[in-house]
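Next come two complexes, and both contain chain A; in the first it sits with chain B, in the second with chain C.
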Partner chain A sequence: MTPAAVRVLRWGSLGLLGAALLAFPLVVTNAYYARVGGLVLLSAISASAWNIVGGYAGQVSVGHSMFFGAGAYLPLLLYNQWQLPPTLGVPLGMLVALGLAVLVGTPTLRLHGHYFSMATIGAAELIRIVVSNWEFVGAAIGLRGPAVSRTVWDFAFRSVVPYYYLFLGVLAVLLAVTWRLERTRIGYYLRAVKAGERAARSLGVPARRYKLYALMVSAAFTALAGSLYALWIGFVDQESGFGILVSVEMIIITALGGAGSLFGPLIGALILIPLQNLTNALYGGSGTGLTFLLYGGIIVLIARFEPGGLIELWQLRVRPLFKRAKR
Partner chain B sequence: MVLIQVVMGGLLLGAVYALFSSGLTLIWGMMNVVNFAHGEFVMMGMYTAYWVYTLAHGGVWSFTPLAALLLFLVGIAVYAGLIRNVLRGPMLGQILSTFGLALFIRYAAFWAFSADFRTLPDTLVGGTVELGVIRLSVPQLAAGSVAFLLTIGMHLMLTRTSIGSQMLAVAEDRSAAMLMGIRPDRMQALAWGLGAANAGIAGALIATFYYISPTVGESLALTAFVVVCLGGFGSVPGALAAGLSIGVVQSLSAYALGPIYKDIVVYAIFVLVLWVRPQGLFGRF
Partner chain C sequence: MLLHAEGITMKFGGFRAVDGAQLEVHEGEIVGLIGPNGAGKSTLFGCLVGDLKPSAGRIAFQDSDVTDRSPEEHARLGIARTFQVPQTFEDLTVLDNVMVGAFLRHRRASDARAAAEAVLAFTGLAGQAGHKARSLGTPGRKRLEIARALATEPKLLLLDEALAGLNPVEIRRAIELVRAIHARGITLVIVEHIMEVIVTLAQRVIVFNQGRIIASGLPRTVMQDPAVIEAYLGTHGRRSAG
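Here is the complex of A and B:
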């Protein structure tokens, strides 16, 4: 294929994907499927946010639930404590997440590899236990959002469609930011750090500082995903906000699609979330167990056979077949 | 008087922490892999105890060795089927592999045994002993002392026997050990077998007085991380000292501040240690 043809194909498939995502709620009017569509986009947002620090910078955080939880809790906390519109809590949640990122990231980013993962688990678990025992933020019961929209700022709609387009817009912005990051200095620095931190530092890359930048961007968008979740579902408790499985889901989705690639998280979400809803629908309550059993199996298989995820599988194994056939 | 009692209880629980954490630290020391599924190994040991008792009415003396054997085989299988292949790959793959394994085992148990909390009957190893002014329950005393002896045994095995020296040699320098005629692959498999067996024994021991559920491994694994971080990665004596201290800290904070604070204090210590001294108290580097 000529480079021009490759470009046409690439932009063409991208346009098709975008058009399909835009048209989805117009074509699929069934409420259940529309809800699954919203969940796919929401998971794609949080996974793409994780991807910045976990994929590009190679710092496998298992504590991103703390950012997600901060984003999910603040809007509902403002509503519950002072009857303020939840949307006001969205920027606040992102600010708190930024603060947490600096507070937790500064010491833990000095650690490498497995240490960093363990430290982030520890920090997130600490925060979860504090939240689950703190009456002011709902303790073990959780927080509820406004049932009916008082003003437009409550952002409580009955239909999924407004949320869906909001999610799509946020995802587009996040992917654009990631795309810019890939092509600017910070992106090169992060990939250098991932490939070999010591080597990168010896070449003058301020590794720790740029890892922190990556964590901050990632944390802010993860918090935004949490806020969107809270605005949409209208309820959050310590498990759905700060639970370790929240972090795990971001990691699995990213790893399945391809960590460190722009569209990996979206592809992962497009596969895993419908699968998750299918097992839940088929097996009801015990489906939760089955879902995570599947998750575990999928992660082990990815780790064992294709740590680069589906995108790398495509690039390394499938695409060469086409090229050979063309010749 | 109460204080001595609390400290003793903490030490006994801490010895069990030390036992399964020494497995985690051994695996880390040998090949720089954190086994995120370690808590699930403990959980498998607990279920082994439960089912051996429930189905065959076996006592402590039958289910503890059985749990050790079973988990030894599981450890070897995990190494041969999974870890050996991800060791040379990227770090994300290493973390994902044991993490996925943890989820898989946890929710396989969830699916097979349901989420019910189970316990072994108190009468299995019952009673209390009075030591002067304090009173200790026999299951805890037995579990604590067996775990303490096994952890020391593990240290002696590593430092005093030929096979232990071979393992330490592989931990020190894999290729140099290979040139000396040691097979690193076998030693690493052995580390996984022994590490998992330790977790299995610890699980069987605490099953006599602890609740058994598919998700019990999660908090136990976090405790093991704290112990290993505090004691220093790769150090068995460090794990022993740290395990005992964490046990005492846990029971003291539960006693002085209330039960919910015991985990908060432990995780706070964890974050603090990683913050100021990531190599741990007895770390080698």
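Here is the complex of A and C:
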């Protein structure tokens, strides 16, 4: 294939994907499927946010639920305590997440590999336990949002469609930011740190500082995903906000699609979320256990056969077949 | 004086890997740092590039104290290094590897790319620019490490066994590269345990043994120094020969 043909193919498939995502709620009017569509986008946002620090910088945080939870709790906390519009809590949640990123990241980013992952689990679990015992933030019961919209600032709708387009817009912005990062100094520095921190530092890369930058950007967008979740669902408790499964889901989705690639998390979400809903629908209330099984199975398969995820599978195995056929 | 190290001591527990070493490097020199295995060369090297903080002593680069500075600050000041075992970024392309180095002096990606391409042309790696680093063999990786270090536009380049593991033809090409780097006005410190190579390359050699500098001077003079011969061959060998 000529470079021009590759470019046409790339922009063509990107355009098709965009058009399909834009048209989805117009074509699919069934409430259940529309809901799954919203969930896919929401998971794609949080996984893409995780991808910045976990994929590009290679720092596998298993504590991202603390950012997601902060983003989910703040809007509903403002509403519950002071009857303020939840949307006001969105920037606040992002600010809290940024503070948490600096507070937790500064000591833990000195650790490498699994030690960093374990430290982040510890920090997130600590926060979850504090939240579940703290009456002010709803303790074990959780927080509820406004049932009906008082003003437009409550952002409460019956239909999923307004949320869907909001999610799509946020995802587009996040992917644009990531795309930009990829091509500038910070992107190169993050990939260098992932490939070898010692060598990167010898070339003048202030590794710890750049890892912290990545964590901060990642945390802010993860908090935004949490806020969007809370605005849409109108309820959050310690498990759905700060539970470890929230972090694990981001990791699995990213790893499935391809960590450290722009569209990996979106592809992962497009596959995993419908699959997850299918198993939940098939087995009803006993479905949560099956979700864990599904996650475990996916981890084993990715680790054994394709650590680069589906994107790499495509690039290394499928695309060469096309090339050979052309010749 | 470009680099000045004084009284460098590095203790690991009770063991002194480097014991009061003094070292001076002048601008425009090629200095060879040699010594038998386990002499403490790598430890001293680690101190000079900021990987290790010496237990005692101080290191000055262009009259500023760098003893406690981090590796990245060393790079920013103009001290570049290669690794004994190449630490190339395996999943990145050769060009991207070098661009990481070039970003130190060029903020914009387009400028960094141009600078990296110039370094690739200079080091003879331009043909492999688009390949992943993992596709290169040992000589290619060592060359890429040098290219990446050069992209940081250093004043001083420290090579840690850049020639080990190369065959005679590759060694000759590597020597040509080192000479070309020197011709660009970059000062070099070369750590090597193969003496033959150093003798043809370095203007001055420093011989290291058991954590101490035992000889220093012109390669030919140093090679005839009894202490050096003893360090490399051992006293036992000399006795039985004589």
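Note that the second predicted complex is superposed on the first by the 327 of 327 C-alpha atoms of A that agree within 3 Å, B and C clash if a C-alpha of one lies under 4 Å from a C-alpha of the other, contacts with A are read in each partner's own complex, and residues count from 1 in each chain.
Please note the rule applied: a residue touches a chain if its C-beta (ideal position, glycine included) is under 8 Å from a C-beta of that chain, and two chains touch if they have at least 3 such contacts.
Computed from a predicted model, the values in this text were never measured in an experiment.
Q: By the touch definition at the top of the document, which applies to A:Ala223: first (chain B), second (chain C), both, or neither?
A: neither
Q: Given the touch rule stated above, what does A:Arg183 touch, chain B (first), chain C (second), both, or neither?
A: It touches chain C, and chain B stays clear.
Q: May I ask you to name which of chain B and chain C touches more residues of chain A?
A: B
Q: When the two structures are overlaid on chain A, which partner does A:Pro107 contact: first (chain B), second (chain C), both, or neither?
A: first
Q: Looking at the overlay, does A:Leu203 come into contact with chain B only (first), chain C only (second), both, or neither?
A: Second partner only, chain C.
Q: In the overlay, answer first, second, both or neither for which of chain B and chain C A:Ala57 touches.
A: Once the two structures are laid over each other on A, A:Ala57 reaches no partner at all.
Q: Taking the two structures together, which residues of chain A meet both chain B and chain C?
A: The overlap between the chain B and chain C interfaces on chain A is empty, containing no residue.
Q: Where on chain B is chain A touching in the complex?
A: 28, 32-34, 82, 85-86, 89-97, 99-108, 110-111, 115, 218, 222, 225-226, 229, 260, 263-264, 267-268, 270-271, 274-275, 278
Q: Where on chain A does chain C make contact in their complex?
A: 183-185, 188-189, 191-192, 195-196, 198-207
Q: Taking the complex as given, what residues does chain A use to touch chain B?
A: Spelled out, the residues of chain A in touch with chain B are 54, 58, 60, 62, 107-108, 110-111, 113-115, 117-119, 121-123, 125-126, 129-130, 133, 244, 248, 251, 255, 259, 286, 289-293, 295-304, 307.
Q: List the residues on chain C that touch chain A in their complex, please.
A: Within the complex, chain C contacts chain A at residues 49, 51, 70-72, 74-76, 80-81, 83, 87-92, 96, 99-101, 103-104, 107, 109, 112, 148-149, 151-152.
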